[in-house]
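Below, chain A partners chain B and then partners chain C, in two separate complexes.
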Partner chain A sequence: MKKKIGMSRKQIFPVTTGLLTLLVVLLLTALPATAQQPTPPPLISDDQVNAIAKEMYCPVCENVPLDVCPTQACAQWRELIREKLAAGWSEKQISDYFVEQYGARVLATPPATGFYWMIYLVPPAVILLGLFILYRALSAWKQPAPAMPGLTQRTGSTAPATDEYIQRVEEELKKQK
Partner chain B sequence: MIANLGYGSLVITFLSSLYGVFAAIYGVRRKEPAWVDSARHAMLLTFPLLTITALSIIYLLVAGHYEVSYVASVTSESMPLFLKVTALWGGQAGSLVFWSWLMAAFASAVTLRKWERDREFLPWVIVVSLVTLAFFLLLNIFVENPFERLWLTPSGNVQPAMFQPSGATLFTPQDGQGLNPLLRHPGMIIHPPMLYLGFVSFIIPYAFAIAALITGRTDDRWIRITRRWTLVAWLFLSLGLILGGRWAYDVLGWGGYWGWDPVEIAAFMPWLTGTAFLHSVMTQEKRGILKHWNMVLIILTYDLVIFGTFLTRSGILSSVHAFAQSAIGPLFFSFIGLTFVASLALLMNRWNELKAENEMSSVFSREALFLLNNFLFIGILVVCFWGVIFPLVSEALGIVGQRIPALSHIFTGQKVTVGPPYYERATGPLFAGLLFLMGIAPLSAWRHSTFKTLGRAVWKPLAASIVVLAIILISGVHNWAALLGFWLSAFVALVTLYEFWRAALARHRQHGESLPEALWRLAGRNRRRYGGYVIHLGVVLMAIGIIGIEMFQTETQATLKQGESLSLGRYTITYDSLANFDYRDGRNVSRAVVSVTRDGKYVGQLFPRRDYYYESQQPMTIPGVRSTWEDDFYVLLVDWQPISTQSATFKVYHNPLVNWLWFGGIVFILGTLVAAWPDRDPEPAAVKATSRFKGAEASAR
Partner chain C sequence: MTQESLSTPSSPSARRLTWGKLVAWGGLIILLIIVAVALLQSQQGPVAIGKPAPDFTLTTFDGETIKLSNLRGKVVVVNFWASWCKPCEQEAADLETAWRDYQPRGDVAFIGIAWTDTEPASLAYIEKFGITYPNGPDLGTRISQAYRTTGVPETYIIDKNGILVNKKFSPFLSLAEIKAMIDPLLAP
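The block that comes next holds the complex of A and B.
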């Protein structure tokens, strides 16, 4: 007996979505008649579960991805993902459900909404600002500038330095002119 | 009794530190060297005193004095002796003592050096070291006391206290809780001391920098004195980080080596500024520029070291509440804030004296490329720092939003996770930029390089690297990020080897030495330069390993009955059997046996297992790994049927090229050793360095 499970998600998805649609259709049409009988669980592989769990974090442990967390609680959460997948939920629906239940912290990165935008905006903004300062400093160095005593004074207001060190660099770079 | 001895010694060290600070300042103010000498003696006294404290804790740990709260929380009867000893740094209180002990050792070693022409630095180096030490001792005495005993109060509660509460009796538990199972690994035994050694030795260059600022001796003397200290600090910190990665790979059971956990980042941040500093000080030595910037870098490194020490142990950033409840959080942040502001104030005070002696004349000069390198390191630092504190900021602002309804629309934040996708996306391009600079900077010359001269030096290795790129492309790699990474790695490796080759060939021609001999002598003549190149080669090897595992890792998981198989790529495992037994050190072991075939050929058995520690009720997943140069085949036992063991769930990872990462780490450390190895005659080294530099400049042209 040999199980071949190393399929890529692309290979798995058409099969399972087809299967799931079929199942949903069957369930819907046969609902009144088969309500008493247990439906056979669709085949949701561990890889499908892990593909979703990988993008989430254990709601109780600190900084442990859900797909590898060894605790019993996380094993149950993975089972929950399996059930939801079997019920035909999409990845988005499942992660939304987890966020609703346990908060935004179950996501590997904060959702791009409201204040959380700051996590994505601040580093590029600071880095771009630094790059701009660096560019100006280097281009000033390239052409030996005439001595301008005014520049040796602090002119912090010209650039909105959000960062202490960037401000330091800026001040120092200005002095080099 | 021993607890009292250790505690007494701790308190005396604290008092001695305070006295030393006072005596040093008083001696300088009054111009009475006798007081400074007295401060020096106080400094020297801290090490033997803290040795008594540390040995007392070790004695209590080994002898099993469970009435001491710390001992009960980190050891148990069943633990082997070496783990009982290393439990000294297995918990917060003990690790703070350990930190102070190492700090005292390093500071004492510095105090013992010949000061002769640097005497004016001495009192201030003592002050900075002792203020830092006193802060850590203060935490140990008042907040995290490793000698607190457990007391049974008349109301029936057990509470830890240093001195007997009224009416209470000493409480001795039967056994301790034992060391956190995650820490029971050889990697975890060496990793924290290495990290701590790295941390504490970075305090020495900082102390000299502050001494330079206070005394006004703002030439590059402080940099020259501390050059080797900085390299040693960097060596230990790098070693600590690499060992930490290896430990995670072996023990944490998630198929990776680095998870961008705040604790990891905490140790990585001082490394980033330290690395920037190592490069940037060369600019000051050779060209007399970027003096302010070097000061900023060492100040940042110092405060990030303190921040890192605090973060790695306390877990305090996990939530605002944890932060607010513990006294240690506010204390640490006050100390970091105070030292940062005070250091910057001192820097401002000397701002005009730290003027650049030269101008930067070309954007392609080595100094300009070093500046760019610094920019990228600081960029990575910004990403890391923001990622680490963001969950706390978000949660804190969320609380503000709840309290003040007017702000509730803006501040909706709750606690969030900032995980690997954020860090990988944000730092990836910056790391790529660093690799590229690593390729071109060694070929640029100080001061003079132009686009033309640099181009002339670069084109040969560049052309060769493009050939390598073509080969990789033909061999079937089509992931553009991986291609870029491999190309950059090839470029850096070729440039570095080309540099070795050129210089060795020149020696061979000039002195008639054989090529290996020329190479050996070359490295001996300018260790910092060639040690640095070896480090670059190490980084390239590590980069290849990281690209391999990050971009090409595959995984699968399935539940198998005995005799069933699971395939991943060219590998197949077959589940043979599973045994479950208790082990004498207090764990229950479930150990599976799987046979592995590669392309249908049997290559051996692996034994993934799950250890369950009864005392701490914690499971540990230990992988079974088949390791080759090409890849690691990494099998985890995820679950099994408890009684019949008829079926078990396995998770299997294929980690291509990951061993290049570990091998690269070894090369990296060897390179650092070459660079940091003491000179036979340290004083004239400065003179030699200048002449070497001229030679190097000529060769780079």
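The block that comes next holds the complex of A and C.
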């Protein structure tokens, strides 16, 4: 014979009804209270904050993008971005504000102005220089070695002499046999 | 014939080669100069004691403008800090006490510079420690770059002639330590 464990469906029903009633009452009492409060600022998600933060670097922890930096300084910066977004600032305005406050080095992509031009000019220039050197080297390898008259003359004059010498050696060897 | 054409310096190919080499070498030299300058700057280290302290203009959180060179005749204590810096908290109360002790004399100035800090956090820090001497943000990190700071807290003591006479790259451990740096500069 099976033993009945727990409550039956009939026993659960009044409990559920009671809980639902309580929930409805709580919701009804909460509604007027929230209606009286001022409109809350728009909720800014972490994704929205990180979309801007990933384009920045904090000077405290170099080489770590702001969106993943674990320090308190970076957490404060992300919070500042959230506040500015909630205040309706655009990405450009926030970026400009950070540059004004902390300098252009906070940007992942520095502006193409002043000394920062070097960042955009030097790498392509180095690549072009490398390509030029490579082209020169390859061209030099492809070209046949220039004729060297002195060498040819010497080779021309020595070849018969060598043959003659070999002949003489062979003759001597035959004689010895 | 071939040899002659190769060795003639005025031929177009030879000229192109010369210009190409010139551009390549010029570019390489410029690049090396830039790298050398950057390396020299990074190897400079902190501002030397006995040299004039770099001048700066600070706009405080209250909107007041302070120029270091206008404070000649006063001993100036320049303290770099940040609200997220725990060691800075160790010295905050002592710095404020020192300021309150020296303030009536009129010949000592304290300046706090918030480094890479957010304004709300800086103001909360100032309120938390009851700091009353002028404090402001290091806009664009220009002042910290001029002093070539390496972090926070860092404190620079400047004499009445604008010469850097002492510096501390860690928190002051006591009020006495702060006074020991300032008092010798206040000889009558």
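What we mean here is this: the second predicted complex is superposed on the first by the 104 of 177 C-alpha atoms of A that agree within 3 Å, B and C clash if a C-alpha of one lies under 4 Å from a C-alpha of the other, contacts with A are read in each partner's own complex, and residues count from 1 in each chain.
Definition applied: a residue touches a chain if its C-beta (ideal position, glycine included) is under 8 Å from a C-beta of that chain, and two chains touch if they have at least 3 such contacts.
Here the structure is a predicted model, which means the values were calculated and not measured.
J.: Contact-wise, after the overlay, does A:Val122 reach chain B, chain C, both or neither (first, second, both, neither)?
T.: both
J.: Is A:Asp46 touching the first partner chain B, the second partner chain C, both, or neither of them?
T.: first
J.: Does chain B (first) or chain C (second) touch A:Pro65, or do both, or does neither?
T.: first
J.: Identify the partner contact of A:Glu100: answer first if only chain B is touched, second if only chain C is, both if each is, neither if none is.
T.: A:Glu100 sits against chain C, while chain B stays out of touch.
J.: Look at the residues of chain A and decide whether chain B or chain C touches more of them.
T.: B
J.: Determine where on chain A the residues touched by chain B overlap those touched by chain C, and list them.
T.: In chain A, positions 71, 103, 105, 118, 122, 126 sit in both the chain B and chain C interfaces.
J.: Over in the complex, which chain B residues touch chain A? Could you list them?
T.: That would be residues 253-255, 259, 261-262, 289-290, 292-293, 296, 300, 315, 318, 344, 355-356, 359-363, 368, 371-372, 375, 378-379, 382-383, 386-387, 390-391, 393-394, 397, 410-422, 426, 430, 554-561, 563-569, 572, 610, 619-621, 638-639, 649, 651 of chain B.
J.: Please name which positions on chain A make contact with chain B in the complex.
T.: Contact set of chain A toward chain B: 1-6, 45-47, 50, 57, 62-65, 68, 70-71, 75, 103-110, 114-116, 118-120, 122-124, 126-127, 130-131, 134, 138-139, 141-142, 144, 163-166, 168-169, 171-172, 175-176.
J.: Could you list, by residue number, the parts of chain A that touch chain C in their complex?
T.: 58-60, 71-73, 76-77, 79-80, 83, 99-103, 105, 118, 122, 125-126, 129, 132-133, 146-147
J.: Using the touch rule from the top, collect the residues of chain C that touch chain A in their complex.
T.: So the residues of chain C touching chain A come out as 2-3, 6, 20, 24, 27-28, 31, 34, 82-84, 116-118, 120-121, 137, 139-142, 145.
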